[in-house]
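In this document, chain identifiers A, B, C, D and E correspond to the written order of the chains, with residue numbering beginning at 1 in each.
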Amino acid sequence: MEMTKVVKERKENEDMAANAQKEKSIVYKTDNLNLWYGNDQALKNIDLDIYENEVTAIIGPSGCGKSTYIKTLNRMVELIPTVRTSGKIIYRGKNIFDKGYGVEDLRTRVGMVFQKPNPFPKSIYENVAYGPRIHGIRDKKTLDAIVEKSLKGAAIWDEVKDRLKENAYGLSGGQQQRLCIARCLAIEPDVILMDEPTSALDPISTLKVEELVQELKKQYSIVIVTHNMQQAARISDRTAFFLNGEVVEYAHTDKLFSNPSDKRTEDYITGRFG
Amino acid sequence: MEMTKVVKERKENEDMAANAQKEKSIVYKTDNLNLWYGNDQALKNIDLDIYENEVTAIIGPSGCGKSTYIKTLNRMVELIPTVRTSGKIIYRGKNIFDKGYGVEDLRTRVGMVFQKPNPFPKSIYENVAYGPRIHGIRDKKTLDAIVEKSLKGAAIWDEVKDRLKENAYGLSGGQQQRLCIARCLAIEPDVILMDEPTSALDPISTLKVEELVQELKKQYSIVIVTHNMQQAARISDRTAFFLNGEVVEYAHTDKLFSNPSDKRTEDYITGRFG
Amino acid sequence: MATESSRSVSELIREKKEKRSWMRSTEKLVPAFLLLTAVISVLTTVGIVLTLIVETVTFFSKVPLLDFITQREWYPFFESDPAYGIITLISGTLLVAVIAMVVALPIGLASAIYLSEYASDRVRRIIKPILEVLAGIPTIVYGFFALTFVTPLLRSIMPDLGFFNALSPGIVVGIMIIPMIASLSEDAMTSVPRAMREGALALGSTKFEVAIKVVLPAAISGVIASFVLAISRAIGETMIVTLAGGATPKLTFDPTESIQTMTAYIVQVSSGDAGYGTTIYYSIYAVGMTLFLFTLLMNLLAQFISRRFREEY
Amino acid sequence: MNYINKDKVAKKMGSRLAVNGIYKGIFMIATSFALVVLGILLYRIFTQGFSFLTPEFFQNFASRRPSASGIKAALVGSLWVMAVVIPTGLILGVGTALYMEEYAKKNKFTNFLQVNIANLAGVPSIVFGLLGLTVFVRYFDLGRSILAGGFTMALLVLPVIVVASQEAIRAVPKELREASFGMGATKWQTIRRVVLPAAIPGILTGSILAFSRAIGETAPLLVVGAFAFVNYLPENVMSTFTVMPIQIFNWASRPQADFQDVAAAGIIVLFIFLIVMNSVAVLIRNKFQKNY
Amino acid sequence: AACGNGESTEGNGSEDKTSEEAAQLEGEVGIDGSSTVAPIGEAVSEEFAMENQDVKAPIGVSGTGGGFEKFVAGETDISQASRPIKDEEAQAAKDAGIEYTELQVAFDGLSVVVNKENDFIKELTVEDLKKIWVEDGKEKKWSDINPDWPNEPIKLFSPGTDSGTYDYFDEVILDEEPVAKAATLSEDDNVLVKGVQGDKNAMAFFGYAYYLENKDTLKVVPIVNEEGKAVEPTNESVESGEYNPLSRPLYIYVNNASMKEKPQVAEYVKFYMENAGALAEEVGYVSLPEEKYKEQLETIEGLK
């Protein structure tokens, strides 16, 4: 498993990006975040900065808190009633845990794509139009334009343009996932969170989604959780390695994979556990 | 990901085993097996021999038919009403698809451990005693002896010996999985089938189960499905690589990982997809 | 792991196996017995249909089927000139059912939404059993409630309202079926996968939008099925309308008037004076048959709906 | 080219949140409506019947004098009827559910069974009364006995038990069955040792609710021929009997005003019965809910 | 109803026979039929049980017709009835080989009542009643009956068309013509009481007991009898037959074979006849003249 090779293949893109990084601003600043499910602490003293127009990958073994962390970024984790948090997450200058911070607002600006594709049981068109509609866009023309643009943005337009009125459940898993991405693009978010977006997909669909992520990062900041280290290496700019609810290491992806500074990181990426 | 290293570390054991292999007899002989779910073919022309006192790993991307194959070995797949098969599976000299072949008999001799630990909602003791009981063993002393021996065999005796009467759901995931292995050992099977037995476990539990598998193979023949290539490399003697319902390559584990003869195998194990 | 004892267990198993040949017959007898129990439910239906049909046929030998369907009056007790226009009882039945639905539908659905989308686990755990108590209250208790509380209350608001009217029992039947709608719809809504809700919430939806635009459409088949079942229950309800609806068969759709429903008629006759063998006696079976066909139709409809519109998720 | 105007979206957010709040209120009020009605009902009945709720009320048989009236025969009669309904209902209901979930193949007959059960659930209770009268009282010549009444009520609640049991059986995780089959267990062994124990809480919860409905049913037993006045205790299942709702109905139709209060006292007893049964159901449900 | 006669009833019962005799009796007495007569039967069973603990005498309320149906099928020993047996029913009994004896147990005085606020009605004739109650295709107004009365529609409340009470009223007042369609019917007489209490233009008829119990809140209408005298229903006027034609006898029908073969039935019927008068008054009916009970007691002696 020639991880180093994979990483090297990406070098060219990387160089460019590396230069740009100094100017990039921080979108999310996580400051000493702790999170408990009831009495079980799932996240411990997380400090993590997420940068604009980058792909940030989060890796780690099962149960280490990856999903929990990414769901905290748009406060979806609060849907579980037992959850308590401490610490801060500063998004665009404001602490999202502040009283009076509108959670609907946050989620409008921070899109999310889930592990299992979860389209609504409606037509393809209605799936994409859902977001704009609830935000008050009624005009048919505008909606049409948004739907087209989003589906194009999610690289699925050509496959579905002739059957926009059909139920989304008729699509294959990979198409559904890209539809969910389109749905998320339709409200033009600032950040896109992705929780193992390809783990339920076949290899070809996975490849498509990966390419799409590379494309999307030009416009959006992306945080992606993945089980698959090759995937992290292939597509991300930075990688955070989680273990037992802690961030063991957070660095540029090439650095983390080629020269991890923590023994545990090394053990993990060389497959000694997990 | 220095797979080669991992493989090499196991060389010593392997050498010994490799010598022994010539004499090893075949437990399962799969002969041109095809399987359909309704009209969808999930397995295509499978030919595969499984050897006594070996660990045979089955790897491949999601949906390639790994679980389907392993469940066919003890005819569990027939629980799904739409399933049809053709071809033969010869177990210990008899075709398990033969009319009059006792399926309960087969399953008594071929144990199975599942992806998600699935203890019964009963006490730890009752979980292990379940198998012997249904096979007519009532005697308390004999049962006690079997329970102890099986729990010891599954390397969990020390952790649970003081709370045999407690509900199995109080155990951690890793303990539950070893309990399920103990439950399976209690009827002294000939073969043990394992379908991703560690995929729901934390790294430490995973390690324990892996060690256990190494231990068990001295007495049992083991077939293990795994998503995790490192795991296959660490613990198996032979590996079969499945793709889209076909066996792409089947070889000794070190051979398959260090020198795959099929391009697709290489792509898969180097993380180019999956 | 001593091989010695290991041998003994597998051998033990094999040994026991031979002795336990009766297990094979159990495996055959059990499904046969279970099939028998399942067949009893079919026999029940057969029994119901036969009971109804035999007497209904006798009835129609005395009263022409055409009269039964086309007459617009129901006066079985006028010996000189009895009239058997079932439409009269049907209109009373439907009137009560419609009023009941007007009450129960919005309230039941709103409760279902509240319970499935807004209420905390704790609140749900308290309210659901209470609703079940409400559903389990004997209908005769509801009947007195309609008569002694709801009717006077309505009459204080609408002085013109008759003492017996369709409105009061209609409302109380509605109250009675609220729990049914609430609980069945809530089941349908909670079985909408979490992922669907998360998808909508992640787009910045409010809970209300999630409930109305995502959950409700996804659960619509279950919700509609609960409505239809509730209507069928309202149609079959007996004691409330017997007590508070009056006993005046009338072809009317005015809720302030006193009416009679099919069930109330059956109770009236079966607790009344009609002699065995009279036309009136047989008429309860014809009415029972009509009622049975009505509820059968509603149930088939409910099943059709929940099958036809079942969402794939 | 942006279609989404962030300012507009932000502005709209306020009204959307308001709508959400308003509807939450409406939904809450709707939910409490049912609770308020229950409250009024209970209040009225308790204030009316409380004075008659003395120990003697439980020790006396019915009487022409309100103050000497008691619910003993009806209470015991209801218990006897339930003693027939519960085992009959459970055996038939669970048996049918097991057959349909575990043994039946997906064919027309099974489909028919399912439709049949659903339809039975919707048959008005009074029609069951007509059935019981014809079949049990007359055809099987059971007379106006507890057995005839109990069988009729068992058939009445059967569909509810079947559906509840089917759901409970279906909810037993597939993994547990697989585990059992995987050890060479036969089908019936798996059902008896794994499926049924795991499904029993669900079966009981649904069934208890069905039985508690049977306790309050009046119409079918009236038709089957429960007596309205009984001043002795049943001795066996062939005894004649009366039940609480019929006794209550009888009291309520007496001319004397005091009997209205006696009827209310009877209703309170019936309620206590119902609430006890429902609480047992809730306890079972809450206790076993999180087992897997 | 007054409980005044309760003690004397018990006294009556124990006088007649020795307790040993009673203790030997056992078995069941099957009684069903009229809901109107049921309260009397229940009172009889209640008292009877004090002395014959081993005899079960439950009472069913299938209605007069329903009771006869069971009686004819041989399912009951005694059928209570609020009207005499009809020809068809008698025929059915004959066909089934059932021989029976009719016994009167008490009188019921059907009471015609109006709202307490109604101050213009002083009395009504049978013709007035017929005019008010019969169906003639018009809406009934008070002024139609008497021009001095208000020009307001009358609200009619009647017992259910399937009750013995309705049957009787229909027969003697309406000559078996249908009751006005506008009338509100209910199976439950208490409900009729409430209806009249709540509506100042209401009129109803129902059993004497329901009037007695609600004396204070209802106004009873004196009815002009055959002799031309306006009479209110009272215990005396009903018993003496002065209150006519609206006082009707209530019956039990006894299966002759049961009387012969089942000593407990014979004893029960005897007990019934001995105590019916007092018990009937206690539950709101009017007793027959003493001689009538004596006469019937003799009849049953002949049946044993």
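One rule holds in what follows: a contact is a pair of C-beta atoms (placed from the backbone, for glycine too) under 8 Å apart; a residue touches a chain by one contact, two chains touch by 3 or more.
By chain, UniProt protein names: A, B = Phosphate ABC transporter ATP-binding protein; C = Phosphate transport system permease protein; D = Phosphate transport system permease protein PstA.
From a predicted model like this one, the values you see are computed outputs, not experimental measurements.
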- Starting at subunit A, how many touch steps does it take at minimum to reach subunit E? 2
- Query: Farthest chain from subunit A, comparing Cα centres?
  - Reply: E
- Message: As a quick test, compute the distance in whole Å between the mean CA positions of subunit A and subunit D.
- Response: 49
- Taking each chain's centre as its mean C-alpha position, how far apart are subunit B and subunit C in Å? 50
- Indicate the whole-number Å distance between the mean C-alpha point of subunit C and the mean C-alpha point of subunit D. 13
- Message: Quick check: how many Å separate the C-alpha centres of subunit A and subunit B?
- Response: 35
- Message: Going by the contact rule already set, what residues in subunit A reach two or more other chains?
- Response: 104-105, 108, 134-135, 187
- Query: What are the residue numbers in subunit D that touch two or more other chains?
  - Reply: 16-17, 186, 252
- Query: Residues of subunit C that touch two or more other chains: which are they?
  - Reply: 148, 206, 209, 267, 270-271
- Any two chains that touch count here, so list every such pair. A-B, A-C, A-D, B-C, B-D, C-D, C-E, D-E
- Task: Give every residue of subunit D touching subunit C within the complex, in rising order.
- Result: 16-17, 19-20, 23-24, 26-28, 30-31, 33-35, 37-38, 40-41, 44-45, 91-92, 95-96, 98-100, 102-104, 112-113, 115-131, 134-135, 155, 158-159, 162, 186-188, 209, 212-213, 215-219, 222-223, 245, 248-249, 252, 263, 267, 270-271, 274-275, 277-279, 281-282, 286
- Note on the structure: subunit C residues touching subunit A in their complex are 120-121, 193, 195-206, 209, 213-214, 217-218, 311-313
- Okay, in this complex, where on subunit C does subunit B touch? 1, 5-6, 9-10, 12-13, 16-17, 19-20
- Item | Of subunit D, residues touching subunit E in the complex | 61-65, 143-144, 225-232, 240, 242, 250, 252-257, 260
- Task: Please give the residue numbers of subunit B that touch subunit D in the complex, ascending.
- Result: 74, 76, 79, 81, 104-109, 111-112, 114, 116, 118-122, 130-131, 133-135, 169, 180, 183-184, 187
